[in-house]
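After this come two complexes, each holding subunit A, first together with subunit B and then together with subunit C.
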Partner chain A sequence: MRAWELIKETFFRRGYIWIVHVIWLVLYGSFWWLMIPEGDEFGRFIFIWGGFLLPLALSAGIFGDDVSSGRICVLVTKPFWAGQLYLYRLAGLALQAAVHLALAGIIVVVLHAIMRKGRLDHLGSWLLATWLLFVTCASLSASLSIIVGRAFNSLLLLVIVVTGYFVVTLLMAYLRQQSSGGVLMSFIRYAWPPFELLSKFAGGEYRQFSLTVGRFSLTKSAACIVHSLMLTVGYSVVGIILLCTREFSRVRD
Partner chain B sequence: MPHDRNGQTAAECTRLTKVYRKLLAPAAKTVRALGDVSLTVHRSQIVGLIGPNGAGKSTLLNLMAGLIFPTEGQVTVCGHPARSVAARRCLGYMPEHPVFPGTYSARAVLRYHGGLLGLSASAISAQVDKAVQQLQMQEFLDRPASDFSQGMKQRLALATAMMSNPQLLLLDEPSNGLDPIGIIQLRDLLKQLRDAGTAVVISSHRLGELEKLTSDYIFMHRGRIIPFGDRITANQAGRLRVELVADGRSVAGRLLPASRVLETSDTELVVAIGDPEEVPDVVCDLAKGGARIMSVLLQRENIEDVFLRLCNEGT
Partner chain C sequence: MWIRNKGHVGIMIVAACLLLESWALHVVGSSPARWRPALAVQDEPTAHALYNAMIQAMREAQSLSYTSRCSSPDGRTCTHKVRLKKPGNLCVVMTNDPSTRLTTLASDGTYLWTYWSGDRSFLRVDVEDDYEQSKSNVYVKQAFLPEETSVQGEISCLGLTWFGPINDPSLFHGRVDPLESQMDGVRSRGPHRVRGEDFDVIEVSYLKARRTRYFWLSRQDHLPRRIKEIVRVAENKVTVEEWSDVTINGEIPQKTFTWSPPEGWRQWIPPVPEVSLLKEGQEAPDFELQSARGGEIRLSDYRGKVVWLYFWDTESAQCREEIPALQKLYQEYKDKGLAILGFNCTDNRRIARAFLRENKATFPTVLDTSDVATGLMHIGYGNRTGLMPLSYIVDSQGKIADAWYGQDQDPDRILDILKKAGFGPAR
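And now, the complex of A and B:
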């Protein structure tokens, strides 16, 4: 009952959440209908809208609303480990994304069948990569929400990612020939939401490669999935630690 | 301080100190909200936390609820450290300004809190029915909680706090926004809970309401508990106003210890009384000493008077 209530709450906590889902699905459909994308274009579109912008919209204020309104004070006096609050809410977001992306896939397939135009290359891989990116971004956004008030967690994450993209692009142009450029690139690639790795995985670029560490061997595609899940766990651990160690109070008298 | 009782301890605070520090702020900017506070709250006891703004009442309540950590000292709830899951099982908490999930009706809010408590579906239904009856919420059960008036929100918040049948109920300004009938219902309900063994700690500025509910007060001022003093507690202390024909000052000087004489004039004496049972003895002593008494009036000190007196003494 507890898990279900917290999962359900992620959908019903704000009146606009179902509207976001509908708008996003209409966007996917419109993109296919109007642009008639070729190859991986549609995959990239759904990857950015569903994997990055959707979690920002759905996780806006997921803890910040409670902290700002003082409702968190009631939630953390209930008899369960505070980390459950985080995990079940993240599960709620992940479940919403799974249903959302399944619907997106159905819309695309139906449109493709009706219009007989465009290609469905790697659609399954793109949907999986989108879901993985969604969960990673949602966990990062949820963790930010514990320390950033109201719904500013999403805005902050959006600003960081967009600014970071331009800054890193400029820096890489400058540091291309230097070893520090490689270090920076590795940091961006492995510690930040895995836009690059997951998009290459979804596009099928890693399919024929494998990674070997000692006796263990893993295809690069599987490594991308594991890496994305590890990032999700890492961001979540930070969020859970913050939630369990933060003081919650509206007044100081 | 609360009366000592033989019942089980519901909450115990030992030498609690709470200092609020802002990250990287200079030491001068720290706020010492509580200093070396110790108290025990027993089962079947209602304790009123009173004090001026900034006295430390909410900090004490938050520490007992496990919302903040003490800088020094410790808090236990039913023998378990505050903030532990075991302590939370014994706890019901109602904040001053309750907020509910966006689109939820009162029924959905109650079911949601039942779910968070880990109750089964049938137990949740039973608790919802019980809460609706106790707090007279039938009329607005299916309306969105976000549209509620402050009084209705308070009722709903109290219902959610009581759903776990807590051994310790912490209430921050519970009668905020309640109409007179709601206040009477709240008072009756809290008395029922007390009789059933629940300890209730209430932080409130409505002294008149508290007075009708309990005689156990904790007066706080500048982060400390101020003792009421021996027998000079609300409802027990008083002042005896004696009207005399003449010679009030000399009568007071001859017959009464100076510490007990609060005011004096030729025709009137005001004497501090620790217990109403002392009145006949005082009047008798005055009459035997030759005082010609015209009238006697016992003015009891209520909680509001005590509050003002202690505030003045504290400043």
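And now, the complex of A and C:
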């Protein structure tokens, strides 16, 4: 019961959340309607909007609001284990994303059936990759929300990722031949939300363009999924530890 | 009993997570095609028979038409509509997707015509200034020798599309794939069912796995429906070619293969690759690039010596033949004022180093695939088409004395060039 309430709360906690879902779904439909894209083009679109921007919008202030208002002290009062609060809220976001992406898939399939144009290549893989990216980004954003007040967690994450993208692109141009370039790339590839790995997996690179045929491509796809889930676990553990160890104030800031 | 302890359960979960993540990182981070000699496949007679059946099916057909769609991981695709008919007829209509500009190669057995729908694209051999004058209403006409002219070669050399078909359509006319002599072996990768059709998948490796091709061969006609090629150069390049609308011995009207230039069109003769090379007396661009043995090589360090700067790669048959001869020359004259400097900016480092070791080549070699090195070769030294080998003779003042493509068979001519550049013992 408590779990369900916490899960539901992630949807009802702010009035704009359902509007975000509707706007995003309209965007997917419009993109398909206007662009008549190839499957992978649509996949990349939904991957960024649904996998990265949607969790930022849905998780804005997910803990920060309670921290700022002092409500968090009530929520984490024993015997309620603070980790449960984190896990159920993350589960709430993941559930919203699953329903959201299922609806997105239905919209696209219906549009495809009506228009008889465009291609649905790898749509299933893209939706799965989008969901995986969503939960990874949502857990990172939720953990940030514990230390950053109000709804600044999403803004901070957006700024870090966008700035990081440009800085790393520039740095890589200089460091390409140096070992420090490899270290930086490995850090970005494996410690940050797995944009590259999941898009490769969803785009079929580990299938069609894999460097061999047969079982290896399947193993590599599975490894991408496992790595993405482990990152989610890692970010969540950090968030839970923060939530359990931080001293919160009842005073409204 | 032990598992009832919550702490132990926690430790087990953490350990399981760490194990899973280690496995995932190992698999994601590993590159199965990171070149190693063991990637070269051992020949399996049954698989080789399938390969031969494919070649035979292409050669024995009286006519063959198919659409080939080539794609690469970066999302670029190009389409080739291929129609072939014996004797010596071919028509290949190509486009880089999603462009609507068509490039057509057509031959009725005597000439090979190349023409465009609209302005032609900027080709690899083009010179900026000349392009504007020769982009509209032009065609290329050249002699066509069905068993010798390579359609794939024409497409690649001129850069008519992003990538040419992996399986050269010229196989239909009896041309032998030059890579066949460098084949390591063919092995079976088992059956594979795609869109309801069963295929035999074979793996063919060439040049000790520098290049690997996978063929999905139809059990109905032995022709491929999908070919995947991995070229292990500086980075692994993967291209996938998919065949559709395959028709064997169907009726293809003769007019498909005949073409005559419309009124007002003129013949364009593509510049020969030599046009863009540095000319005699020009300063050889200096460089400081990674050496095959570690450290750096600087051209200016060889000032005072005559330098034979040799651009090579391991795929070129001529390079493979010429490098042992160069090594001999290097041994003989290295202390007498002649420096031989290899330059390789295309090959995978491991492959190139293994090749140098096998050939006991000890002359200094630049082995650097950075943008600086490739830019220097393509722009600084004018090798826009990337043809190999390319030789430059640089005199003791650092000026170009001569340049040529290919393997020079005539030792006297080489000696004359070296003499002209001021190399003493050649006198």
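To be clear about the criterion, the second predicted complex is superposed on the first by the 236 of 253 C-alpha atoms of A that agree within 3 Å, B and C clash if a C-alpha of one lies under 4 Å from a C-alpha of the other, contacts with A are read in each partner's own complex, and residues count from 1 in each chain.
Just so it is clear, a contact is a pair of C-beta atoms (placed from the backbone, for glycine too) under 8 Å apart; a residue touches a chain by one contact, two chains touch by 3 or more.
All values reported here derive from a predicted model rather than from experimental measurement.
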Which superposed partner A:248 touches (first subunit B, second subunit C, both, neither): first
Touched partner set for A:9, first subunit B, second subunit C, both or neither: first
Subunit B versus subunit C as contact partner of A:73, first or second or both or neither: first
Which of subunit B and subunit C A:18 touches, first, second, both or neither: neither
Touching partner for A:187 - first (subunit B), second (subunit C), both, neither: neither
First, second, both or neither for A:165, with subunit B first and subunit C second: neither
Footprint overlap on subunit A, comparing subunit B with subunit C: none
Touching residues (chain side subunit C, partner subunit A) in the complex: 17, 20-21, 23-29, 31-33, 71-73, 75, 189-190, 192, 201, 203, 214, 228, 230, 236, 238, 240, 290, 370-371
Touch list for subunit A against partner subunit C, complex: 40, 176-177, 186, 190, 197, 203, 205, 208-214, 216, 219-220, 222-224, 226-227, 230, 233
Subunit B contact footprint on subunit A (complex, rising order): 1-2, 4-6, 9, 12-15, 69-71, 73-81, 247-253
Footprint of subunit A on subunit B - complex, ascending: 20, 31, 33, 53-59, 62, 65-69, 85, 88-89, 91, 93-104, 111-121, 124, 157, 160, 164
